[in-house]
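We call the chains A, B and C, going by the order they appear; numbering starts again at 1 in every chain.
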Amino acid sequence: MTEPLFVIPLWADLIAVGLGGVQGALFASGFTGQRRLDLLGVTIIGIVVGMGGGLIRDLLLNTTLNTLQNNWYLLTAILAALVGMLLAGLFQRLNRLIIGLDAVVIGLFGAFGTSKALAVGLPLVPAVFVGVCAAVGGGILRDVIMGLPVAIMHVGSLYAVAAGAGCLVLAVAHALGAPLVAAAIVGGSVTTIIRLLAVMFDISLPEQRRLYRRKVAVETAAIPIVKP
Amino acid sequence: MTEPLFVIPLWADLIAVGLGGVQGALFASGFTGQRRLDLLGVTIIGIVVGMGGGLIRDLLLNTTLNTLQNNWYLLTAILAALVGMLLAGLFQRLNRLIIGLDAVVIGLFGAFGTSKALAVGLPLVPAVFVGVCAAVGGGILRDVIMGLPVAIMHVGSLYAVAAGAGCLVLAVAHALGAPLVAAAIVGGSVTTIIRLLAVMFDISLPEQRRLYRRKVAVETAAIPIVKP
Amino acid sequence: MTEPLFVIPLWADLIAVGLGGVQGALFASGFTGQRRLDLLGVTIIGIVVGMGGGLIRDLLLNTTLNTLQNNWYLLTAILAALVGMLLAGLFQRLNRLIIGLDAVVIGLFGAFGTSKALAVGLPLVPAVFVGVCAAVGGGILRDVIMGLPVAIMHVGSLYAVAAGAGCLVLAVAHALGAPLVAAAIVGGSVTTIIRLLAVMFDISLPEQRRLYRRKVAVETAAIPIVKP
């Protein structure tokens, strides 16, 4: 059940990039004060969130970077970022919209990433890994570039886990013989739904545990350096 | 007007790497106190600023990393960083020199990046994108590694915009039939000149705007950016 | 003395990945309070530290990413991270163990990185560079993702220098005609030993110097990291 040629349809890819761009701009528009971004900053965030996942996916697969092979990806991401920025004030429930869009975007990127990885012949586990990186990579890049703590690293509602579950469903379904497109649709939906449920019901992953608990205080609230 | 083979002359490339290395070391030498770098740190910053743009360019183009194919790039970047560090105290107007060198470096890297991208067949918009990444990528890596806010993300004088304008001029000139070398010289110069003018006259990009302004305070003010 | 085909034995590579994963988890488990990681965060750190060096190496060499070609690397890194997390409380001298494991890991990754770079035909200096990046890259990624100051950038005991020395010994030995495997064993050992000695005797690199010292205070001390 290996496809001779795997092509994500351009329109689907552009929708994901556009949603990512809007989502990135909405996120960026929430910043005020000294972290306030200029027009360029908002555009960069839009590009990073919209295209970062695809770039990371293709780097990990060591293939030609798909999003740089035509003009539309960048134009879509930039346009989406500007629209997102201009309309940010309109949305009454900014936060819900950002989270909703985000759930759809990670579903799409995760499904595209795992599908492409399987199509180029990666085994199951790395294919799921590539999908998760594609899903959350844009957000990680965004946080690093903005100097924020990387969101997915800290205790919070299931995010990368949602991506991982969806990508795993996709890869297992494919391994069991399901056609890649069907598996991708199911997998992407699983990611989006888990993410939305996790936010709605405030489910989060258990913190790290040890068999023997001991006080080992690297106490990082105080992360030294930084002492003015 | 496609060249069968595009080669940036080694001497030109090494000059760009060397200037980048010096510029990086001057930047790093300004840090005191807890952020003070050791010899290695200064060398790393020199390598990152001098070679980072070229590495990012070649990763985005999925080609062999040009700066790792002979010994000279690394030796140049390291030597330049050490020279920059040792002579930092000599320069009376450190800041102006850093900014001046920087303007030349982003002009060179932007022109090299866009030229190479066009030469390997990328369309106009992604070629400009690759050029901008090559121009500002070293600086972004520098800021991330040093734990500083990424300079180009925040309101300030036109930086990536200068790179973008120069790369766009290059790509459009090439699309209109100009030879790549001539287009590259013009494009690189445009970048350097815009950057210098922006600094001299303190021109900056408008902040982000919304059609309907509303108070959405993710309030990040708690992360003061580089207060001199 | 070029090998027709260079293959790091899978078991050796998996040991390095596993040690990296354990080391990453021990490091992560030291964090409490707001920086406390959830299960996923610990797993991510394990993957990043265990596999980051190999990923960076292969990206720099523009080859297929070796650690994604079978299921074992990821499974090993994840399992190692979970074991490291669960057993963290058992270790009385956590810090020493972390440092000891770390010295072995950078020795292994540095030797693998330089060997592979030489095997694909890179000259001496870039081969050493790739080895150092492979050795310290996982740690840099870890610090960036966790929002910590990048450890190797700041005044401290010889870390990247140990990696550099070992990789240089490897590359020079190979250039003088030593078989690659023997050179790799010697080089990796040099790295580990230098690193351990540096920690034991608290040796550090001189700070940056200038021929003419002047007060140039970019004073960045004022960049408090995320003060809640």
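As a working rule, a contact is a pair of C-beta atoms (placed from the backbone, for glycine too) under 8 Å apart; a residue touches a chain by one contact, two chains touch by 3 or more.
Remember, predicted model here, so these are calculated numbers, not experimental data.
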Cα superposition angle of chain B on its copy chain C, in degrees to the nearest 5: 120
Homomeric contact chain A-chain C: same or different residue positions, threshold half: different
Approximate Å spacing (C-alpha centroids) for the pair chain A, chain C: 27
Per-residue overlap in chain C, given as positions that touch at least 2 other chains: 59, 62, 144, 148-149, 154, 221-226
Partner chain C, residues of chain A touching it in the complex: 59-62, 122-126, 129-130, 140, 144, 148-150, 152-156, 160-161, 204-214, 216-221, 223, 225-228
Of chain B, residues touching chain C in the complex: 28-42, 44-45, 47, 55, 58-59, 62-65, 67-71, 73-75, 85-90, 94, 144-149, 222-228
